[in-house]
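Before anything else, here is the set of structures, which you'll find just below.
Look at the two complexes coming up: subunit A is in both, with subunit B in one and subunit C in the other.
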Partner chain A sequence: MVMSNSIKIKSKKISVFYGDKKALDSINLEIPEKKVTSLIGPSGCGKSTFLRCLNRMNDTIDICRIEGKILIDEKNIYEKGLDPVLLRARIGMVFQKPNPFPKSIFDNVAYGPKIHGIVNSEDELNDLVKDSLKKAGLYNEVKDRLDEPGTSLSGGQQQRLCIARAIAVSPEVILMDEPCSALDPIATAIIEELIDELAKNFTIVIVTHSMQQAARVSQQTAFFHMGNLIEVGKTEEIFSMPKQVKTQDYITGKIG
Partner chain B sequence: MGFWSFFTLLCLVGFYVNWYGTTKALRINSNIEKGPKLPSLPNYYGRHALLSFILVSTTILLVWIFLKPFILDLLLENKISVDLTSSFDGDPSMLIDTIKATNPNNFFPGTNPLIIESAKYYEYIKETSDSYVYLMVLFVALIFSIFSLRKISISFQARQSVEKTNINILIFCSVIAIITTIGIVFSLIFEAIRFFEKVPFFDFLFGLAWSPQTAIREDQVASQGAFGAVPIFSGTLLITLVAMSVAIPIGLLSAIYISEYANLKVRKFLKPVLEILAGVPTVVYGFFAAITVGPFLKDLVSFFGFSIASESALAAGGVMGIMIIPFISSLSDDVINSVPMSLREGSYAMGATKSETIMRVVLPAALPGIMGAILLAVSRAIGETMIVVMAAGIAANLTANPFEAVTTVTVQIVTLLVGDQEFDSAKTLAAFALGITLFFATLLLNLYALKIVRKYREIYD
Partner chain C sequence: MREHIVSTYDDDLNTLKAKLLEMGVLVERQIFQAIEVTKIINLAKAKEIQKSDDVIDSLEVEIREFATITLTKRQPLADDLRKIIISLKISSILERIGDHAANIAGRILHVKKVPENYLTDSIYQLGQLVVKNYSKALSSFDQDSHKIAQVVPTEDVTINSVYETCFREHLHLMMEDREIIGFSTQMLFIAKELERIGDLSKVISKEVIYNLKGKITR
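Let's look at the complex of A and B:
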């Protein structure tokens, strides 16, 4: 497979501190556009922390301090004066545990378009919600009960609802933080297919505990260990002939 | 035997029964060399014996407390001689009461000696009967616990039995609350029915005038009294509305600030300070309303060219609202805090600002709890008496103007029952009619509130 040369996100010497504790140490990573990049590594290695740097979600934690730069389309998102709220509208996020809002299925998807004023009319909104649900592969299952609460869906459906919610504002990047860890194998398979489909239009960064999942869905894989980026490369290379011993140890189950 | 020595003995026997049961079970277990041991742990056998001991003794004691007056009367009646009955010069039905009211050690000179003798007897059985009952309690309870101790064997499942008894004790305790409520309702209903014999029900419920002054003597030409409850309930409603329109916005907004924006230091300071408001006695709020807020409102309102009564619904309601703030803010703060962080993060990740997240995600999720807090505050406002007495007066005006003096149900109940009143005049009985109407009004309110809360629960949980 040929890597596209277009790089969407560049992380330059990103370090993260929680209080005095250093959680990430000078990470340099390039993420290609409209590809799936997976971040793997043992628990507490900093992969989720790195993901949360990409949409500045770490800003909501009081004791968190960040050094370095992250360039999205060559523009530093940690620049002074940049509004993280606007940034997050461009970068969608799907969480580990499905977290639909306490609203109807329709209102869950309409949430983003409404707060950002993306649509001008009821009809446009209806179309956008329908379209987003279709892209998330959920529309056929819920089309007759859009006014039912989002929490009434099954876990896998809830997670797809969260994906529909994220893509309703047409983000450029979608961040996924272990999106399948709370789901059963069938729901996981559906989400993985969906990720393949979404990669045609979106740049996706996914944190996962499952190496099989990383191998199945991603084109690029980055291995984190103890706050350091150990190795990054094409997924099939990482899993077949890793250059670093630690990577080798992790994918063969010796550490982790 | 005095009560305390009886009680000590009871505890000692209870401990002994418990210990004996446990050791007996241990002994049985240690004697079994092969095969299954006792089905429950040894201490359950002790506890089973103890439970039967406690339950039997408390049951007998409770029954005795209820029956004691009747049994004593019965004993006294049997003792009364024919001589006494014939020589008693009052109403025969009063004889027993007369005997009971006579102090055998300090009686009026010239009291019938037979009465004094009976009174002595009554005094005697009153004092000694308790001791006999105590002995009986100990005896019967001990028999029951011996039965329980004898039952200890491989085939007796003490653990299940103790578990069942525990459940029954819990059920009994919750039934007490229900029975008390029913008792309260009935005590109100009987007096209220007597009131409605004097004043027609619909005149009370829909009457527009309230002036409970009635003639005390037959020949008085004083007013007939008017018992229309509408002005009182409208007054209650008006004051509650004023109070809630102060308390809900301030309480809710401060709860949002404390839970979502304030940092830990501010929060640690602010929450207790707000809760101090709840600890101020309502009489003090009454002073504040009558002496500070009332005159201030008078100046303020006259500045804008209106006039306000010196005792007004606005002053009382406003101060009541301040009193209620901590109820709403503290409870809502707890509820808002319990909204999962993942919902907030989901909203931030969509590019929502903090206030958008609070308005559109956090508050809707916390709504059932917030509704609960508000309704608790409403019932507090309806029941509040002191502030209204001091700051809103007792004039039953039918008005929706908060600048005028109004009165509330609780205040009227107090004024009706304070002072010298015969207990069968319409004026006094009206208090009970008001009480039961208030009871049903708040009951309906609570039921409605529960329905709302449940509806939201279904949607959001």
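Let's look at the complex of A and C:
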């Protein structure tokens, strides 16, 4: 499936094994630049495993073996000699449960730019933290208490803090693994609004269990089932007239 | 039909369909009876048809409320969503067809009786075609049949041409015999109501096709 704009990420025959178990089977998927792509599918279908291939987070699991290529801007991220830490500066990640560092709000955002040497002065750092918090739609709520612990914020605010932390290092891609599943509907709406805004500058890949959320926030949707990519297409087509019976059964909650 | 994991979801969709079919059958009876009273004028029957329109109107409200609750509860997607969308649309079309049947009855209440020198049953023949095509549209919905739904627009072309013939015939009759101008005018209004029912039956069939194929055809 090719959308009209350029492709940021290409997955070429990606297979993932956990020991003897094949978790993903030869996935070919193209992810368009500065768009939101949703990965949907039942638990254990491989969508989170796929997401974690995109920033080489599966590397940290000993028994995990990966075959195939992930091309970001046509460059294979599994190439030997490529530093995964540098890669992860280009590809930010937001998790299901907000996980701020046990540090102040300011330090949570400042941490990444500091270790990656992105800023040269204290003023620059201050500006970057402020700018990142603004982009994450959190600045006005926390501007008077930047030295308070990140963990003192509400769940929705913590998640936006994690987004601010992710965007502070100027990534090109943001991966989100069920970013709203622990949030109430209002906090979810704020994050979804933010995703719309972020998609102007970043390529976003989001794993979600909410069909409605996928329909609302993404332009492309990919349906995974038992380690296979069953169908990928424009979100509006996947949710109105999917081509595969398996997709239709899943999104409408039927017994397949 | 493939079943939902939540069986009450299937119950809701089945109930919605059953309510719509109930309304559809009631409307069918209304059209049929309205056509009958154009042939054998029966004022009591015509009044009854007008009164029954209230039942159809209230069924439309009931379907709308039920569909709204189902949308809220189930947040449907794909074919489920289309089923509910077409239920809302078809119920509104049925309500309008019911109005046309009631209008026919209203025209009959104006004319009281058939003049002796009115010697044609072309309106009745038109009515027969219209009710038959409406029934086809309703069957296509009932049976989720693309095949039946496809026939309805074709039949409507015939209905339109019979309507044109009816119109010209009545103009001719009125020019020949001024005595029947009043009656024939009412009959022409009735013919127009029937022609509209034909059009709306076609719209129902297109909603059925949308439900089955996911594409809007006009």
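Keep in mind that, in the parts below, the second predicted complex is superposed on the first by the 250 of 256 C-alpha atoms of A that agree within 3 Å, B and C clash if a C-alpha of one lies under 4 Å from a C-alpha of the other, contacts with A are read in each partner's own complex, and residues count from 1 in each chain.
The rule is short, and it goes like this: contacts are C-beta pairs under 8 Å (C-beta built on N, C-alpha and C of every residue); 3 or more make two chains touch, one makes a residue touch a chain.
Quantities reported herein were computed from a predicted structural model and do not represent experimental measurements.
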| After the match on subunit A, would you call subunit B and subunit C a fit or a clash? | fit
| said: If we overlay the two complexes on their shared chain A, which of subunit B and subunit C does A:M57 touch? Say first, second, both or neither. | reply: first
| request: Would you check which partner chain A:R88 touches, where first means subunit B only, second means subunit C only, and both and neither mean what they say? | output: first
| note | Max touched-residue count on subunit A (subunit B vs subunit C) belongs to chain B
| message | Just checking: does A:K234 make contact with subunit B only, subunit C only, both, or neither of them? Give me first, second, both or neither. | response | neither
| said: One more residue to check, A:C162. First (subunit B), second (subunit C), both or neither? | reply: first
| message | For A:A215, using the defined touch cut-off, is the partner it touches subunit B, subunit C, both, or neither? Pick first, second, both or neither. | response | second
| With the two structures laid over each other on chain A, which partner does A:I251 touch: subunit B (first), subunit C (second), both, or neither? | second
| subunit B versus subunit C as contact partner of A:K12, first or second or both or neither | neither
| Looking at the overlay, what does A:K130 touch: subunit B (first), subunit C (second), both, or neither? | neither
| message | On the A-aligned overlay, A:T151 touches which partner chain: subunit B = first, subunit C = second, or both, or neither? | response | first
| Nearest-approach distance, in Å, of subunit C Cα atoms to those of subunit B in the combined model | 33
| task | Identify the overlap between the subunit B-contacting and the subunit C-contacting residues of subunit A. | result | none
| field | subunit C residues within the subunit A interface of the complex | value | 2-6, 9, 75-82, 214-215
| remark: As the complex stands, subunit B meets subunit A at residues 263, 340, 342-353, 356, 360-361, 364-365, 459-461
| Given the complex with subunit C, which residues does subunit A contribute to the contact? | 211-212, 215, 239-242, 248-249, 251-256
| In the complex with subunit B, residue positions of subunit A that touch it | 55, 57, 60, 62, 85-90, 92-93, 95, 97, 99-103, 111-112, 115-116, 149, 151, 162, 165-166, 169
